[in-house]
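A, B, C and D are the chain letters, set down in written order, and residue numbers restart from 1 in every chain.
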């Protein structure tokens, strides 16, 4: 399956401001690209690409004081299979987890493991460890939290989600992540493209958030918001929580004025545009 | 100057539990060691050393269900000079900061930059950028927060410090770090040994926390708690906040029953103990 | 001046639910009424009126499981003068405040005086006590907080307003109230009708919130949201904060489906409807 | 049974400060007094007694800038029977609750009913309504929260207790009260004397907190901290939470330097001291 990916984002910039974007496909998916994945910025500014502490491809630049347009359109090949389900995948005792996963057991800005630890144990401590427990967490979060874009709030933490029971996709994942970590299951936040491939609904497109849990020696996709295997996720970045993997971070004022994301199935690799 | 370093920590462990410790001198100070820096654990358990995402030396092991003793005694050579003061050190525009410092501008568990951003701007936005501004932050925090071990609370965040105005050394640093980041000055949490070398007071010894701010192409030590240059800091670890660099993290129940830390000047390298 | 007042509110009620409404004009304004002020409810339910601890007229009833309509239309005479301004009004030393005002110095759900106390002192402790200080508080809140209905959030507290700097009218008042109380100025939350009489803008009508501060032996109207004297406020209720004076409180599920409020100048008392 | 009651409280007052105390036995217990219940203050200051919105006897005065001593010793007759237990007491549907109890269903500073509502329903929504449900709440809180004076913190709310699981007696009651209210059971905070009459332990004496829940047309004592019927409670004040019924509230700086409370059984009414 081929998926056409793209976005068009505009900001009004009142004064020159440094920005970091995570708008490139994750290094793990680069081999699947069938067209260049190149962030195009108007006006022309000097771009620096780098890889952050978590292994994500970042781009930094200084936006001048005018309208800023970030655009891209690319193509990726995808197996077209739904998120894998492995009901027999086991949790690792902490003592046997790989070193690099331990970070994903700790507190982070939006996942207050310390404050949710007793609650997690009471709700899920009795579940059979392993895949089923992570799934039980997703089921709980999915059934208890009410989705609504009007509930979007950048400072909402996992504890706020637990008490207020409303949110957008990132909020669902933050709560599920905090619960997993409290139970000693490494969990990390993921952001990327997720079209409506294979699903009836067509919500307004946005980048999407899901999470990954570490079981049976690998990271697995879970999604407490959609809570059903989906086709066509294209990973952009993983981190401890949304703070680490914001699509764009501006270190000063920048007003978002337009936002469009595309991720849809296409029948084959397009003829490259003339002159490229 | 030579500084004798050591600690003795005991836990009661009710059931086998995985632990991670950050009890080794930071790699940047290893060249200064004049005796082996080896964590000794009773009972004998298998230890694994590794370096975390932030460059700290960590040790992990599974503690059995009995009394656990972590001990060490080593010797380090130190210039014996106070923390450097560089009143002319400049802030970097974000666009010119090294890639690897950008992480230290973001939110973290105990440093809610998002919620303290306006406050930081109101309090310190008018200060001349650079060393003086970081020092103004330290002066403010130092004068406004009341120290007291009875105020220790593991879940207290920078915002809590800002409202409640009480805390222990970590709390002072968290608030100062959050203010720095809100003003686009990279700041990271540091933990290590800090004896009472050159100061009149002799508080009960503990590990200490301070922070580092990035100015003029390097990280500089600041300490909003003591707020005066000190002699003999020996760095153990740096991270985004206390969550990243806990001296010990136990992934299950462990009751601290004894805690002693030593960091004192000594006249010269000791005769190595027999048979070593 | 005569002001026509009214509202029409609808709920969908999934199961019988007890409700309390504060939809009557405040006892202090009853003498000004020029038409009956009678809550009409469909379907017909038994109503009980009572006066709460704060002196407000409340109505309680049990709503059956169907569409619930609360309606009213009445007429009030109003001096048509703007909110009084008394720049020389003095604060009372706490020791000289009337007993019944002391309650309005304490913490309440959305006004965490305890956590905002130091901040209030730092920001306004140096202002000349009296009217000017309350006005300085209103000016500060008005200039720092950004209004937006999309920022409405029922659990937002004064501290949240202070950090997040967004909100709707109740949020402005909560922060101003908390600051006043922290400075030992009694302050209470007020809710009522506020039309756009004498102002150019015509925002979508809603009930409005303002607050009252106690100076010179009386309660004075302040409004940190509009922050300019207004004509035609018609008080419904006062209390410690929005928790005490919700327009409607339902003790179980009730979904608001329609909400319209009217408060507009009219030329004279209407001919009473036939048969009344 | 006769109970000797008394206290001795000292403050250092740096500058004249207005204070309110709730140090008189509650009006409902005045008929049981067998000696005068008179707050004695050194130095002599003018005292004003008044009854607050909740029916409590309060005393206000302005303390001068010196050592302030509040003292009392009195005697009360008590039935000497344990707190009543009424396992068949019923909850009232909200629609049938007395008007004056409705206040005790609402949010208050330390009891965030809005944020704990879903949690309460999940934990206790399935319990049989009535006495048993309130008792189930007390059992839960009592078993989950760890007592410790070192955990005292004036700004801790019910939600903090729920997450942190530590506290002193007021914290236990706040969480239980919030749960009750979330389930539409009126609950109010109570403070008073509670000696160790009939119990083996002799903890350091302090005033104590408990709460009252409204069932079967009356308020009943519950105590999520001790969670067992006790003998000899002497009520001082009730309110929405600890904010309303602080033993002393000072509207400015006042440092507590001594605190002693007495409540112990005695064999009979004492001979009144000579000359009284």
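The rule is short, and it goes like this: a residue touches a chain if its C-beta (ideal position, glycine included) is under 8 Å from a C-beta of that chain, and two chains touch if they have at least 3 such contacts.
Note that the structure is predicted; figures quoted are calculated from it, not measured.
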item: Both-way neighbours, i.e. chains that touch chain C and touch chain B; value: A, D
item: Degree value of the rotation bringing chain A onto chain B, based on Cα positions, nearest 5; value: 180
item: Chain D against chain C, contact positions shared by both copies (same if over half, else different); value: same
item: Most remote chain, CA-based centroid, reference being chain C; value: B
item: Inter-centroid spacing, chain D versus chain C (mean Cα positions, whole Å); value: 31
item: Whole-Å gap separating chain A and chain C, where each centre is the average of the chain's CA atoms; value: 42
item: Multi-chain contact residues (two or more partners), chain A; value: 115, 155, 163-164
item: Chain contact graph, described as a line, ring, star, complete graph or other shape; value: complete
item: List of chain C residues in touch with chain D within their complex; value: 18, 20, 48, 50, 52-54, 58, 60-62, 93-95, 99-100, 102-103, 105-110, 112, 114-115, 154-155, 184, 243-244, 249, 251-252
item: Interface residues, chain C side, partner chain A - complex; value: 150, 153, 155, 163-164
item: Contact set on chain C toward chain B in their complex; value: 115-116, 118-119, 144, 159, 162-165
